[in-house]
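Some notes on the structure that comes next.
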Amino acid sequence: MQEKSSSIEKAVGMIRDGDVVALQNMATQAAPMALVREMIRQQKRGIGLVVLVGGIAVDWLAAAGVIDRLIGAAVSMEQFGLCQQYRAAVESGRVRVEELSESLLNARLGAGARQLPFLPSRGAIGTDLIAENPDNLRLIDDPFGGRPVVACRALVPDVALVHAHRADRFGNVQYEPTARWPDLAVMPFAARRVLVTAEEIVDSEVLRRHPERTVLPGFIVDAVVEVPYGAHPTSFFPAYGYDDRFHLAWTEISRDAGRAAAFVDRQLRAPCSQAEYLEAAGGEPMLARIRKPASTGG
Amino acid sequence: MNARSADTAADYTVDELMVSALAAHFEDGDQACNGMASFIPVAAFMLARMTHAPELIWIASSVGLEPRPKRIPASTLEAALWRDSVMYLEQYTDFWNLVLNGRWITKFCVGAAQMDCHGNVNNSVIGDDYHRPKVRLPGTAGLADLCSLGKNLYYWHPDHSRRSFVEKVDFISGAGYLDGGDARDRLGLGGGPRAVVSNLAVMDFHPVNKRMRLKSLHPGVTVEQVRAATGFELLMPEGEPPETAPPTRRQVQLIREVIDPDGMRKSGFRTRGAP
Amino acid sequence: MQEKSSSIEKAVGMIRDGDVVALQNMATQAAPMALVREMIRQQKRGIGLVVLVGGIAVDWLAAAGVIDRLIGAAVSMEQFGLCQQYRAAVESGRVRVEELSESLLNARLGAGARQLPFLPSRGAIGTDLIAENPDNLRLIDDPFGGRPVVACRALVPDVALVHAHRADRFGNVQYEPTARWPDLAVMPFAARRVLVTAEEIVDSEVLRRHPERTVLPGFIVDAVVEVPYGAHPTSFFPAYGYDDRFHLAWTEISRDAGRAAAFVDRQLRAPCSQAEYLEAAGGEPMLARIRKPASTGG
Amino acid sequence: MNARSADTAADYTVDELMVSALAAHFEDGDQACNGMASFIPVAAFMLARMTHAPELIWIASSVGLEPRPKRIPASTLEAALWRDSVMYLEQYTDFWNLVLNGRWITKFCVGAAQMDCHGNVNNSVIGDDYHRPKVRLPGTAGLADLCSLGKNLYYWHPDHSRRSFVEKVDFISGAGYLDGGDARDRLGLGGGPRAVVSNLAVMDFHPVNKRMRLKSLHPGVTVEQVRAATGFELLMPEGEPPETAPPTRRQVQLIREVIDPDGMRKSGFRTRGAP
């Protein structure tokens, strides 16, 4: 098997300005935040973000001026409210949104994964989403005389960003039994390149104990990096819950562009390592808090 | 008609009234699932399962089948909610097989920022220019799908006002009855919005013209109050509008002591007082 | 949760003559053979069988005159060769075959599961399978100007037959970590009714220990029956391997219609229970043989 | 050209020659997978991984990634073959995502009952009447897909005869070059049959007219023998047909002692002697 282990700098270095980047994320859950921060550190520009339900990652990328378009079904930090910096960027026209329902986004990515020109759905018929998006959504007839369907044009992201529980150095990626959102299942198979962070890099022998938990074969993965707490401040069950205080602090700060910019510099750009970032985010006391069973559903 | 009875709770809050009103729509054998920020729907499902519908099937966060959460946690999209599940539904294939199939999960309890007189909903943008909106809302997520897949939709709204109940939504991110009448049928869409439970009243839709109609007033609320808070002409029922059945003592006790002791259900409500 | 436990007689009683029945089976693996035998005992007629890669089950159903049409990608007992009774039935015109490639069959069933009129594939373009089957396969253009695709018409079987490792009495069905063929993933979701046999019926608490191994939610299952060794003579990893001697005996017998008919009466119809059937098939010595790690990949 | 060299095996059988000839087509970085009754392909993959292509990725039975089977078992679609895998690929979604995508698993080593002069294959029916065939064959399984998804196909055949190598197949259950020339390109199909390794010779296809062409003769086999066993006019290479490189001592030793001590590879062959 080919060596795929890399550094976070090298991995994110594979992303070019203008790329379409698919991001694993479900509101306050499971976002590869270390990769997101490294995109900000490397000052990527003109990125098109693909996300099912984006959270704080989208707000940070918008605040840092990394993204200029978004393809997704929703952006929300759930109980922490709307993403204010993302909102401001969209309302000012700096970020253009292609809004899709979940079934339409799944269909576009599914077609990309299977190199089909399109996949059909019956969702969203009658909404303005379809009229608004003729380049990628078309109501077509059933050749067998049944009901019409929405043809959803194949979407092939340049890069997919994934965070997982463990991987070996050959890029075989394992996920613990917990919620498996659609993005994990389809984005890596649809994208041209796949960058993975994992809570731990282990020997392949460890993966062989539970081959049914391996979700990505190494040969479709381009880089794998060990990043403990790589999803902070989002949750990564069963390892840890989301960091509510960090989210709350951001919701406060993000109302003001200047304070948001300062936060991005201080908390996201300045730290030179995951350890430095976690220390600045509250260190061990914070980590102990998010590891509590109450936070992880234990 | 007066819905009060001997075991009507002496004191209850509007969120508790809405939970019991929504719970009444879910029955044994139904499958229910919830998304994020859905404290009221989750409380309604848990209440129904503890009272009149023990066989109501619940897929917590659309992930965990028949879970046993200790109480409603700070998020309705979290592992604490799908604790002790019998099954984790894989989302991309299995869960969407069920949602896209009109036979399963036929009732959804959902919210929307904006709703119009024909039950069309908007969670996308406020304003005329889609690409330079006044307000960028979170987005439709799965709502646009549910609205077109033959599901029955039960809407809840904690703040009945002219901003949220409008003549025509700025953007249709979920199909209601479109222009009304048979517009929805003409697109071959089954199901549709069945009821709207707000902090003031319960609404349904006229069987023919499909315009929103007052169904019952929450105790203490007047027709004038509802009219004043609604941005379109709300149809009135035949005769005197009935009163929404208030929760029973047992329901209120279950909600406060077992289901949601942390009061998560109250988030999103302006007033926390009784109606 | 609703009670779904049933007897094999009641379960198979839900199948009506003329039904389209989807059968879990991959050559010598994982067929719900107890359900197949009960179909033979109840003398079902005019059944249309849907199978990905059918094995000895198809041969038995053909020998017993249960099926008159088959929709599938292949019928073979792998190293035990072609199914002779099935062959004779097809060559004499008693069974009509709708042959599909695996991707086309998956697409037809996938469309059925999602109540879509069709799903597309790029497989089998240029073959005679498409020209031969205009009712269910059509080459259509991509509305976005890309390459044409094969539209595969939705297939909704009346019944799906599944064998699993364990289930609770509410029809929640669990599968051990091993190969998961496409039929398990799609047939139960596409079919109107789902009949399940399981190696063991357990308390729901047992399922809750591994919720990620539950593959079918009880609410889509109509009947569940406990049948130990319910896949014999096919394999059911990791529990047991296939019964090579039983397969070899059948390949010999099946060359002669009369001997095949006698075998069906003696070995398949006569036994009144799974225990009687297993006893007639070799009893405990046979079971000990197929449980050997060498047979199960251990 | 004479492919013999110092380390050519002193004795080897035709199945061992075919295994080494097929192994030569698989390289580091390729992904290979096998289906049922595929002893020769499996032996070829295992041999390649033990010799020139240690980085050849193998998905045993299309299920188990990077397995460690003890030896070739009695079936190539069994748990014993995918023993100790790093990953079990879920079939309906994950495995077919990879197969339908032209970027992955680009080479397949497959067999077919009947093949014609343009590399079209038939595993469906022998005879003119599809619904009353002379012989009902197993069916196309996944072959019809592989042949149209841009994959490179390497065919093996243990019994080179006029029954199996025909001018035109009775039924196209896997697309080769169709009527030859650019017929395949016109349908937008990439890939296609690259080589055919039989018990007599190795064939490829003419770059322009896409007819099958002799590439090399197995040691001891004559052009006349191959012509006599082929049901159509086989194109000849420029000049004297070269000899198929025989297996090396080490290759034969690995096949016999490590990969397939039970000789499963010999099933399906008429003759077991050396060519």
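Remarks
Chains here go by letter, A, B, C and D, matching the order in which they are written, and residues are numbered from 1 within each.
By definition in this document, a contact is a pair of C-beta atoms (placed from the backbone, for glycine too) under 8 Å apart; a residue touches a chain by one contact, two chains touch by 3 or more.
Just so it is clear, the structure is predicted and the values come from calculations on it, not from any experiment.
For the pair subunit B and subunit C, chains touching both partners: A, D. Judged by contacting C-beta pairs, the busier of the interfaces A-D and C-D is C-D.
Taking the mean of the C-alpha atoms as each chain's centre, subunit A and subunit C sit 39 Å apart. Averaged Cα coordinates give subunit B a centre that lies 59 Å from the centre of subunit D.
Distance between chain centres (mean CA atoms), subunit C to subunit D: 29 Å.
Touching of two or more other chains is recorded for residues 64, 88, 92-93, 96, 100 of subunit D. Each of residues 114-116, 121-122, 147, 177-178, 185-186, 211-212 in subunit A touches at least two other chains. Viewed as a network of touching protein chains, the structure reduces to a complete graph with every chain in contact with every other.
Put simply, subunit D touches subunit B in their complex at residues 92-93. Residue ranges of subunit C in contact with subunit D, taken from their complex: 26-29, 53, 72-76, 78-79, 82, 86-87, 90-93, 96-97, 99, 101-104, 106, 110, 121-129, 132, 147-148, 177-182, 184-186, 235, 237-238, 241-242, 244, 294-298.
For subunit C in complex with subunit A, the touching residues are 114-122, 135-136, 138, 140, 142-144, 146-147, 149, 151, 153-154, 177-178, 210-212.
Those residues of subunit A that touch subunit D in the complex are listed here as 1-2, 113-116, 168, 172, 185-186, 189, 204, 207-208, 211-212, 214, 217-220. Across the complex, subunit D meets subunit A through its residues 29, 31, 55, 57, 59, 64-66, 84-89, 93-94, 96-98, 100-104.
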